[in-house]
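Each of the next two complexes has chain A plus one more chain, namely chain B in the first and chain C in the second.
Showing the complex of A and B:
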């Protein structure tokens, strides 16, 4: 039997890892490493689910760990990595509203802000001092950081990774705060949606900004001209 | 059983809606006549049961539909509802009689079927608003009423002026609904229920009252929300103008009274606010009416004035109630209610007869009329009764209700606060001015339209209207006389003792004076007959251009109120040379400033447009921007939960 205090320490370390990966996703210009970092982030969540399982013994957490590992550590990163091999662009240097440095600074402020907000909400409750409070803070922060990636990057692939990171935040928040079966259902549906989006992008063109992608989609349907395809 | 009769009357109205719609593809009079017959039958039944409920004081309640708990279409008829239902019934019967003939002379072919059906739906919606037992039903049928009336205003949609009037009305009526909705939502947030029950005293209920007051004021045409009336009334077919002016405006009065009596615990400042709004509306309304030469627009402004008088009565009721002067409060409330009924009667009479005149002369400009008393004697007689009533001359009903309001004002000496006394006597002075100006306005209207010589060929060719177009107004004229002569007796039968003179005796006295004057003149006048032409300044015969016109009649009043009728002068000049020395041609124009339109409505419209343009920039079509909005929204939710909730 593993000591619960040790598991809690491990979970805290994993929180730090999640934050570091999120910060990397938000600031990096390198598309190749982006997918790997996303896989690492998802793997961290798998470890976190396992740690929680060993702490609480809820089997649903085990299910989450398995589903997350298969979908987010193996399938989706593999999918995206295989696409990246086909395209030539290796760097994402186009931004909207926020530059990487500003995003990073804003993220730090965001974590602090959410910490204070949740502390106010949970003031006087037992949850305030527990590990679940930090889970909620990190989960919400990860979600919002992912959202920042979706609107601050122009490349479609980076947006998709931002979205996936956001969804990791939802998973993290769900693991620590809300009912689990619903979250599992939710995750599966979202993952399926993402897979569909990825497949569409694979068909029409990944190495483009979203605006160009829309134009290509229109052209593709209207005249069947595939010369702009990947 | 009474509830059953009420449902049957509603059913008859529904039949009146469906019958002409079923025959939409056939331009046959029978469908429209059937529809009007349904209006008359439904109104008679509704009027009879309302009268019964009003006199006996019994209530009926009925829930028609309840989709979920708390939301229901429920109806209740108490004395107040019964009174307003009676008003709707009486006017609807007369208007339907008139419309059965008038609509046949309208252009529009099959559209006339829609007009008849929609008129029934309009009446039905007003009945259901008045009978609503909760705010949810009230709002649903209020909106139905707004929609129907808009469609009716737009009947002659091919004209640009009608489209403008319709659009104006659409915006204003929905602004009214918006404020009513806001008031109802605030009340719901305060009480947690849609029931029309006391809401207690709180800042929320005060805000709800202000919202509802604005909503009802827009619908009732209280200044500065009045501008839709002079546009919508002339643009609508005459029966619709009559219904809108004499009944729909009263539904707004009903709404205000219902909420004041059943829901709110009014403070004294509420009464002052209503009184000041009413007084301003009454005075400005009649001043603008004096300047109008479009007969229907003039009647619309006169409706604004009369709604102001009704609001004055309501304001006095609230003030006296706040000072615990319940007897005076009751007299004020009764004066407001009686004037509501009387205005509905004489204004529908005036609109219908004015519609007959417009139908005969093909113009609404009173300066193009004249001499119609010889060509349309019955219409002239009926209009004369309406004009006497609205000018508040004894012994007609207009005098009966205004004298009650005067008594309320004179009794305000009982209010202890000297400042209030000053305010009340100031309002009394303005009310007296309003009555005098109203008389002047209708002297001008009757004189210009019916007396002297025709001022246009169309007026010269005018003929008396058919029987049905006289029957409806004749019933209303009779009602004006009966309600005036027997006002004291009517109050007694209704169970109220009011300090007003017996109008029947006043009537007899006036008749005796008239007979005496005539007898004196008859017996003392010279019997020598001298036949000669009136001296016409050297011309061989009298010409229409030599007549005392409406403009001439109102000129002294125009000069007195020249500060109200603000004018704008515009000069346009062109020159042959660049240094503007040699004058080529020029145009000078002096026009009346539409004060509220130019200084209130248009700036608000422009500001709304500018805001809409600014807001439309948020919709950039860029996905990233939309995601940024979502991000900001999430942050706002966190801030709300963390610090404000």
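Showing the complex of A and C:
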């Protein structure tokens, strides 16, 4: 049996890795590394689930680790990387509302806010002192940081990655705080896979901004309106 | 002042002067290999410095005493700063030596004089270099202060010696926050030593140069002193990063055996770090000037996070 203190310190290191990947996703403009960093983030969650499993012995965590590994480390990054290869975009340099620097600073404020809010909510309970408190804070922060990526980027493909990293936050929160039923986690992952497959099908629009994408849908008669003819 | 501290003062200064040029040329060698060239020998820089020391110093007719004084101020500030960052042996701190705020000011002093010397000769390139250097330092300095403040919060001490002693006693990174801190320190290292993606140390192209622009008018032994002080700065920042994050080998006892082992381990660690820096530089292009704040924001983000964690947890 491995020493629980060692596992706890491993989990703390994994928290640090998650934060680093989240900060990278929020600030990078290089799309190719974005996907691999997302895969690294998911892999970190896999390791975290494994570490928690060896700490608590709940088999559901093992299941989560396997499902996450197959879907988020292998399948989804592979799909997105193959889309990128096809549409040949390398960089995402357009932003709505917030530049990467501003969103990085804003996410710092968000983390502080979540920390204080959760500390007040959990004050006096045993959960306040444990690792689970940190898990909750980082899970929620990851979720909100993913949300920020989703609304501050213009390219559809980065929006998808923001959404995916948001789901990683939900998973992290679920792993540490609540006993998220396995079936729900499984359904979420199926949703994600379908989302990514949809984006693969819609490859035609991915190298554009969402505004352009709507125009393209019109141009290809994918949306039923006939006002501008060919 | 006791004997071991006196010995430390001598040993550390000699060691820094001896190894600092080597690390610069290891980075150069790694970069040359990454570009498919064989590169010059890693010991070539010693011959270059020796040759420069023998050469005559030429001053522009427009230059004033600033130009003549700057190399000495620069090397003196760097050597004193190097005393604040023990390489292999950590003695008990004496007086103000090791104070992290004083360390920051020593770095700032050298940079201030270097920028003045860039302006002093009246060459437009020097002026451009100084202006860029000052703009960058105005942005990076708040970040540097926050990073060092995070260090202070983590180790609960203002003294670098105490920090090193604590991490040497732990033998490994004591908290995971140090991983985040390592990234911040690495960014500071890259910015302070004028390396890619902030500045390109290889080029003398007027559009890009910052550090090279400022020392363009230096010649002879003054140039050698400027190059040497840049190398010492690189070494002391690398030592700061390494001795906090991977402190194995660092010793607090004065014995020849342990110090020899520590010195070998230190050179090995720095060589690995120099390799990482070389690969990092080869793998990316120089950033556009106005995009640099996003790099600094990263360091700022991680160190503020550490402060939040340390204050509230």
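Throughout what follows, the second predicted complex is superposed on the first by the 199 of 230 C-alpha atoms of A that agree within 3 Å, B and C clash if a C-alpha of one lies under 4 Å from a C-alpha of the other, contacts with A are read in each partner's own complex, and residues count from 1 in each chain.
To be clear about the criterion, contacts are C-beta pairs under 8 Å (C-beta built on N, C-alpha and C of every residue); 3 or more make two chains touch, one makes a residue touch a chain.
Just so it is clear, the structure is predicted and the values come from calculations on it, not from any experiment.
With the C-alpha superposition on chain A as described, chain C and chain B fit side by side in the combined arrangement.
Of the two partner chains, chain C is the only one touched by A:104; chain B is not. Once the two complexes are laid over each other on the shared chain, residue contacts for A:96 go to chain B alone; chain C is not touched. When the two structures are aligned on the shared chain, A:118 is found in touch with chain B, with no touch to chain C.
In the superposed pair of complexes, A:9 makes contact with chain C only, with no contact to chain B. Contact with chain C, but none with chain B, is seen for A:19 once the two complexes are overlaid on the shared chain.
Once chain A of one complex is fitted onto chain A of the other, the partner contacts of A:147 are limited to chain B, with no touch recorded for chain C. In the composite built from the two structures, the nearest CA pair linking chain B and chain C is 15 Å apart.
Residues common to the contacts of chain A with chain B and with chain C across the two structures: 116. Interface residues of chain C, counted against chain A in their complex, comprise 175-177, 179-180, 183, 293-294, 297-298, 300-302, 304-305, 308, 312.
The residues of chain B lying in touch with chain A in their complex are 623-625, 627-628, 630-631, 634-635, 638-639, 641-643.
Taken together, the chain A residues at the contact with chain B in this complex read 96-97, 113-114, 116-118, 120-121, 140, 144, 147-148, 150-152, 154, 210. Chain A contributes residues 9, 12-13, 15-17, 19-20, 23, 27, 99-101, 104-105, 107-108, 111-112, 115-116, 119 to its touches with chain C in the complex.
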